[in-house]
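Quick notes on the structure that follows.
Note that the chains take the letters A, B, C, D, E and F in the order they are written out, and that residue 1 is the start of every chain.
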Amino acid sequence: MGKLIDDFNAYRTKMNDRIMDTANTNIKRFFALDTTTYADGALDVKTKEMLGLVASMVLRCDDCIKYHLGKCYEAGIKHDEMNEVFMIANLVGGSIVIPHYRRAVEYWDELNEQQTV
Amino acid sequence: MGKLIDDFNAYRTKMNDRIMDTANTNIKRFFALDTTTYADGALDVKTKEMLGLVASMVLRCDDCIKYHLGKCYEAGIKHDEMNEVFMIANLVGGSIVIPHYRRAVEYWDELNEQQTV
Amino acid sequence: MGKLIDDFNAYRTKMNDRIMDTANTNIKRFFALDTTTYADGALDVKTKEMLGLVASMVLRCDDCIKYHLGKCYEAGIKHDEMNEVFMIANLVGGSIVIPHYRRAVEYWDELNEQQTV
Amino acid sequence: MGKLIDDFNAYRTKMNDRIMDTANTNIKRFFALDTTTYADGALDVKTKEMLGLVASMVLRCDDCIKYHLGKCYEAGIKHDEMNEVFMIANLVGGSIVIPHYRRAVEYWDELNEQQTV
Amino acid sequence: MGKLIDDFNAYRTKMNDRIMDTANTNIKRFFALDTTTYADGALDVKTKEMLGLVASMVLRCDDCIKYHLGKCYEAGIKHDEMNEVFMIANLVGGSIVIPHYRRAVEYWDELNEQQTV
Amino acid sequence: MGKLIDDFNAYRTKMNDRIMDTANTNIKRFFALDTTTYADGALDVKTKEMLGLVASMVLRCDDCIKYHLGKCYEAGIKHDEMNEVFMIANLVGGSIVIPHYRRAVEYWDELNEQQTV
């Protein structure tokens, strides 16, 4: 995998482990909800991950964007579909989203490059 | 149609007309982009409207929520699908979204009631 | 009770009932978490409600502010304590918070007036 | 004056008076800073009020928008200048700003109509 | 002290010094207000720092979070109390807060480790 | 040029090129609007760049702040003018803006140092 992906996953895993060691019951319930919310249901995983991505982009959280880009990639979202998600995020959130969009494109490229190696 | 829907549409139409009378070229281009972005493309209208809705909910704009709820209704989104969009919005945006979620449920109910009259 | 308080409580109760009738399991779990989070624990209810209030003020949600003002009032927070919460909210969130602060003062006054009737 | 302007000014004055009666020293200092910040200085009042307006629009606070629109009107900002402020706000803040832009246009119209009566 | 703490404090001190050298009177007054607001008063320092922390978390500013974590540590806040602040921040602000919560846990750990050395 | 400026410009150019290679028509239109919006018009470039800067500061986007600081520098904005923009951003956006203000001062210093070399 690429460096951006490795770094993101390594830190996320390390700190999520630490959180599970130290958090109280409510926090653990909140994290459990965060998992079940994106499970296949009335909407499929692909749609839900696009929803998570666009929400993360307009709220401008790079780590959340990376996480959902990874899940979108696993769900098989294609380039032209991803561009339409990117456009909605830029339009709704405004040009303030552009720096996060730049980093999203870089991460999305790295996700797609790993496939071809 | 119900009162919430009527009021929203009437004011939106009145002021959009006024904007088209007074705005400069860039603003008109921005409004045009706002329309073409949600057109059927690599993603269908239904998916795009759910993306617009979840973005509007986490950014907590009641008018934007009403607009996309109307479009979601026209696109045939079902109750259990809508609940999963609502859940992602509440989860990502937090409990601060709840008052907007309450008003969204009220508006969604009114949209669905008009059908049965 | 005063009119602002009555209107807020009536709409909140009506829509929360409607949500409990229509929501999916995850949404209900999220609402349950919203309740247990503010229960007496390592921090007492008074402190937690001040935390909920300041978070609501910097995120500028009038309904959330009203809700936590009501709970702060029940928890016995005094005027000079409330003013220090208000100041932290104005300082951290900036002058954009001021219109919400105005409405908070009006609601806080109504909460305190009901006592003296 | 028009009804929107009257209502805004009346409530703002009433609650600012109440705040001056009840607030602590830090809050009063913060309000004083809010006044001196927009005074004529290295930048003139007109420029500062446009800065206050665009900040209020991207943060989407209707009351703050009304306040700075009033001050912009007093400072003699012309329609084509105002449209360029509106465009920057819509562009940077995104389509989520549009409902606030609609209400801003309505208020700006009312400000300009009072002149011609 | 740990590396995260050292880096944060060094940069903050360097730039605050630079700001005091270059800023205008209003900015200096604003910084002074930022100090006096958290002083012991009707609410004690511990409570105020928790209020500053939760506000910083829902607004998702890592540097502000680090600053208030340091002050909370100095004020003697215990692990189970901190977890309840963390929960309120995650609940009110939503899952978009989680990446900031991860970094907060890492910083809080470093603050607590320095004690045992 | 200084290191902060070089790094910002290099990454921005690289990713904007990549975006132009991969984006759809709507995204390209949005980027075109982002350029034309700041062109000389009813308001001059200097005023527009200050508007872009203050909007970027209250929305707390470091990259957007750097971009507009660079443009403000090119437009000849003086230190005491810049301090008044900084103050409005801190006042409206609150103390949560301060960490971004620190980085803005560092970048503004680097922009001004290049002149004297």
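Operating definition for what follows: a contact is a pair of C-beta atoms (placed from the backbone, for glycine too) under 8 Å apart; a residue touches a chain by one contact, two chains touch by 3 or more.
In this text the structure is predicted, and so the values were computed from the model without any measurement.
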item	value
Smallest count of steps, each to a touching chain, taking subunit C to subunit F	1
C-alpha-based rotation, subunit D on subunit F, 0 to 180 degrees, nearest 5	180
Chain located farthest away, centre of subunit A as origin (C-alpha)	D
Inter-centroid spacing, subunit E versus subunit D (mean Cα positions, whole Å)	32
Subunit C-subunit E separation of Cα centroids, rounded to whole Å	23
Centroid spacing, where centroids are CA-atom means, of subunit A and subunit F in whole angstrom	27
Residue list for subunit E, restricted to those that touch at least two other chains	26, 30, 33-34, 37, 55-56, 58-59, 64, 80, 83-84, 87, 90-93, 95-96
Chain contact graph, described as a line, ring, star, complete graph or other shape	complete
For the subunit D and subunit C complex, residues of the former touching the latter	11-12, 15-16, 18-19, 22-24, 26-27, 30-31, 34, 55-56, 59, 61-64
Parts of subunit A lying in touch with subunit D, wherever the complex brings them together	58, 90-97
Residue ranges of subunit C touching subunit A (in the complex, touch as defined)	26, 29-30, 33, 36-37
List of subunit A residues in touch with subunit B within their complex	33-34, 37-38, 41-43, 47-48, 50-52, 54-56, 58-59, 64, 78, 80-81, 83-85, 87-89, 91-93
In the complex with subunit D, residue positions of subunit C that touch it	60, 79-80, 83-84, 86-87, 90-91, 95-96, 98-99, 101-103, 105-106, 109
